[in-house]
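Chain naming follows the written order as A, B, C and D, and within any one chain the residues start at number 1.
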Amino acid sequence: MANSLKDKIGSSDLVTLMSAHNPLSARLAEEAGFDGVWASGFELSAAYGVPDASLLSLTQHLDMTRAIVEQVAIPVIADIDTGYGNAINVLHVVAAYAAAGSAAVVMEDKLFPKDTSLLAGGRQELVRIEEFQGKIAAACEAGKAHDLLVIARTEALIADLGLDEALRRGMAYAEAGANLLLVHSRRKTPDEIVAFTERWRGPVPLVIVPTAYPDLTEAKVRALGKIKIVIYANHAIRAAVSAMREAFAQIRRDGGIHQVDKQIASVEDIFDLQRVPAMKAAEKKYLR
Amino acid sequence: MANSLKDKIGSSDLVTLMSAHNPLSARLAEEAGFDGVWASGFELSAAYGVPDASLLSLTQHLDMTRAIVEQVAIPVIADIDTGYGNAINVLHVVAAYAAAGSAAVVMEDKLFPKDTSLLAGGRQELVRIEEFQGKIAAACEAGKAHDLLVIARTEALIADLGLDEALRRGMAYAEAGANLLLVHSRRKTPDEIVAFTERWRGPVPLVIVPTAYPDLTEAKVRALGKIKIVIYANHAIRAAVSAMREAFAQIRRDGGIHQVDKQIASVEDIFDLQRVPAMKAAEKKYLR
Amino acid sequence: MANSLKDKIGSSDLVTLMSAHNPLSARLAEEAGFDGVWASGFELSAAYGVPDASLLSLTQHLDMTRAIVEQVAIPVIADIDTGYGNAINVLHVVAAYAAAGSAAVVMEDKLFPKDTSLLAGGRQELVRIEEFQGKIAAACEAGKAHDLLVIARTEALIADLGLDEALRRGMAYAEAGANLLLVHSRRKTPDEIVAFTERWRGPVPLVIVPTAYPDLTEAKVRALGKIKIVIYANHAIRAAVSAMREAFAQIRRDGGIHQVDKQIASVEDIFDLQRVPAMKAAEKKYLR
Amino acid sequence: MANSLKDKIGSSDLVTLMSAHNPLSARLAEEAGFDGVWASGFELSAAYGVPDASLLSLTQHLDMTRAIVEQVAIPVIADIDTGYGNAINVLHVVAAYAAAGSAAVVMEDKLFPKDTSLLAGGRQELVRIEEFQGKIAAACEAGKAHDLLVIARTEALIADLGLDEALRRGMAYAEAGANLLLVHSRRKTPDEIVAFTERWRGPVPLVIVPTAYPDLTEAKVRALGKIKIVIYANHAIRAAVSAMREAFAQIRRDGGIHQVDKQIASVEDIFDLQRVPAMKAAEKKYLR
């Protein structure tokens, strides 16, 4: 089966991904026109009410990724955090994500158990470069049969190790076989990422996650060149939280749903998103 | 362990529940002040992108219910649809929901596999009364050790069988041991539910789900008497869908997240909902 | 991806399958030289300690089937019982088994929830022929993209409906698109199956499960013709049970493991079955 | 709910546990008269066909433990390996095992991802003592509400660090709150364990796993004193493997099941283990 993400990267100047924490949010991302879905560890952890700190199990994230893949036609990139252990775990884990239909995995160079990247005062220790190269090589091996892309993610800037270390790690990861390099930053402005991009001379394109520096628009990213994928990594859950909070508060205030009912998606809208019309057509065909 | 839902029903004139499709939406419901959480089959089906037609497995709904129970302090009522089969299945299923910490289950008198109740033209066949009485008795038996409440739900009005049949079924279900009776209606006005409530002479209180007739406010429900629980059964996912749609469309329009970023919950808000501060406190205590 | 079961059926006079309840038993079946694995609902139910009566969820059986597929190279046939509901469920279910890598599914014409076939006094009601034809057509549609084989299983003989009804149903199922027909019998002798086979004029080959009539050897099956697959459907769990019982009793009797230790597989044997040597080789390559 | 393991330890001179990899093997252990079940990570890994090296996810082991707890009346001790990460993971993990009904957890002082203990040439690095004390304190905190016992396991002898280090670690773990201490050895004779036991002056009783040194019978263990629990940690899967191997080979040799059928547990035996008679009684009561 061809990897449609590969095709998109080849043919497009910039591929944009939206995060999802379940198949419904993924379907809304597809409907909105995003090129792919980011099966986000942060969003799924939040959906389960726990910190994004290696608390969800492999099974929980893998099962949700598979459920997402089954319900959208656009490619799904899986956030596998640190790979759930060492290179041996990575072999096992990446084979499972590939079999589940992921187009790519993103693996980061933090120690297991990780802490979430944007948290002030989080635990942000990195593994040795050689160790992570072994993990990348293992991921490439495990994904090969399914033509899976391996995206190495360096947290060197998150860990305050500086541009030189980030560039050095990026280069080492590309040498180990990574197909793309994700460089993450928690600065409030794009300067750090822009500087990294300008200095990047590696053989693979870049991926960014502009959560902390929202002013780096797609137009500016295109102008920079070298960056092939932008991941909007937490906006599905953030939008959902605001809206549920408001709707719940209003129902409490109103002592009923009479106001809220007109302000939110209708039950029929949800039926459509659940593909009820397709089920009704299938009932005609197969229920005898 | 005491069943806190029982206490609430005993001490309050009206208990209100908000639907949830994951622990996060349940936590927001708790935060907003609802008395309990409705572990909704409709919402979970929607979250998985499939029709609410007995397509999700017992495991999928049970696992999510358990995850919700673990993350909120208010009672959780589980929507077990038709009980996943006959009375033997019900014994197995209800024991599992009770062990998972549900305060109550709602079981409906439709045939398996069911179709969703509010769908125009849905398949709405009911099981025989005697058969459903056996299922209720089985549910009571299976939940006894955990002091679980069994809420029988009649779809007689959904199936257009009329008030008399709905009342007859309600009475039979109470006789079989149900602790409360949920009567469902898809009329756009409260008339049918009001008429049912006025004629109800059964020995157990009523539960309603006013999705289709939002004008029946809590004040009006209190005035009616007899109704002890109101379930807002799909407003979490409906609010989330609207908000994700809007946010996604705006990001596409803007070519970036610079506008959306200020309009939705912040990343720090999500950290708080994930209980990151409690984790940081635990790190000080236990990471040595 | 080519369906290797199809190739085996085409090239071999008789394909033999051994049941499995986990990847380990599947691997032992592969090691012994069987052509494929039967992901048995009966065995998995027994492994979970519950009757084979539609109590295990779709997720439990599907997850185990996927785990088995991942650990053996021979084709896996999934026992999907009645298809977990109506034709709409079948569409959903068979798509999932196909995506999980099953080479074929076997679906039976009993009512959901089913009772196990060999139980004296079990509930053995069949669905209408037209209804089951719709389910077969749905299964074929859902499995098409993965070249999945659909094996229809008639329980007409189990339900004591006689040879004529069994033949009529078999023919109707073949017309609806089934690739093979499994005919099941609980007679202690092969006479009933032999009679069915001799009278079978349908366009598809037969599958049998000779649990109740062990005297029908493979040599006799070959001589009969028409039968392409023999499934040994419960011998893995039965062998395991006897052996665990004996070992446990002896340990209790001996007040220790000193005798048993020499009589059962060694820890090193288990390491080999777990593919520890392959892991050690991978450690040398990837742990840096 | 009272913790029945605590009662057994208090009232018995020696508690014996048998390993299980599914509810069926647990039920056979109960039937044989063992005091409790060891929800073994090694056996479950083997059942899934993978090395016992932190490859199975928390969900896979936790779900199986819960399924076992639901099907036996004797206490279940869960093997949680290294606790799936640091002390924060332990808080999360142990709370889940306690909620699932485990009577105790065993947590070992190896680095995550671990390697299996009895493997010649395995990776056997230990965490710092202070770090493991934090993990023990976290486990005690998380299990408190369910009266769970925390058993600390030291792999100091497995890692060839000598008796003194093993004793030092054991003492430190008891000080951190562990209720019992498991000391593991891979010597072929009991000498090392005997020496450890004789020198042990800690305030908590010991637990041993005599796989490698089968000659240490229960009578000898009783004579040693101080040891309160003996775990037979892998004999269920080892017995099952031998038996399946033999049965499969014989079926292949015989070209049929006619011989094997008489040598293994009957289908009716399996029905009994599945509690089919209880289901039939429930059918009479609840199927109407």
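For this structure, a couple of remarks:
Here is the rule we use: contacts are C-beta pairs under 8 Å (C-beta built on N, C-alpha and C of every residue); 3 or more make two chains touch, one makes a residue touch a chain.
What you are looking at is a predicted structure, and each value in this text was computed from that prediction instead of being measured.
By the residue-number overlap criterion, the interface of chain C with chain D counts as same, with over half of its numbers used by both chains.
Looking at which of B-C and B-D shares more C-beta pairs in contact, the answer is the pair B-D. As a whole-number value, the distance joining the C-alpha centres of chain B and chain D reads 38 Å.
Mean C-alpha position of chain C lies 31 Å from that of chain D.
Chain centres here are Cα averages; for chain B and chain C they lie 37 Å apart. Shown for chain A are the residues that touch two or more other chains, namely 50, 53, 86, 88, 279, 283. Taken together, the chain B residues at the contact with chain C in this complex read 50, 53-55, 57-60, 84-86, 88-89, 92, 112-113.
Those residues of chain B that touch chain D in the shared complex are 70, 86-88, 90-91, 95-96, 99, 101, 128, 130-131, 133-135, 137-138, 141, 279, 282-283, 285-288. Those residues of chain A lying in contact with chain B across their complex are 18, 21-29, 31-34, 42, 45-53, 67, 71, 116, 118-119, 121, 123, 210-211, 214-219, 232, 234-249, 251-252, 254-258, 260-261, 263-267, 269-271, 273-276, 279-280, 283.
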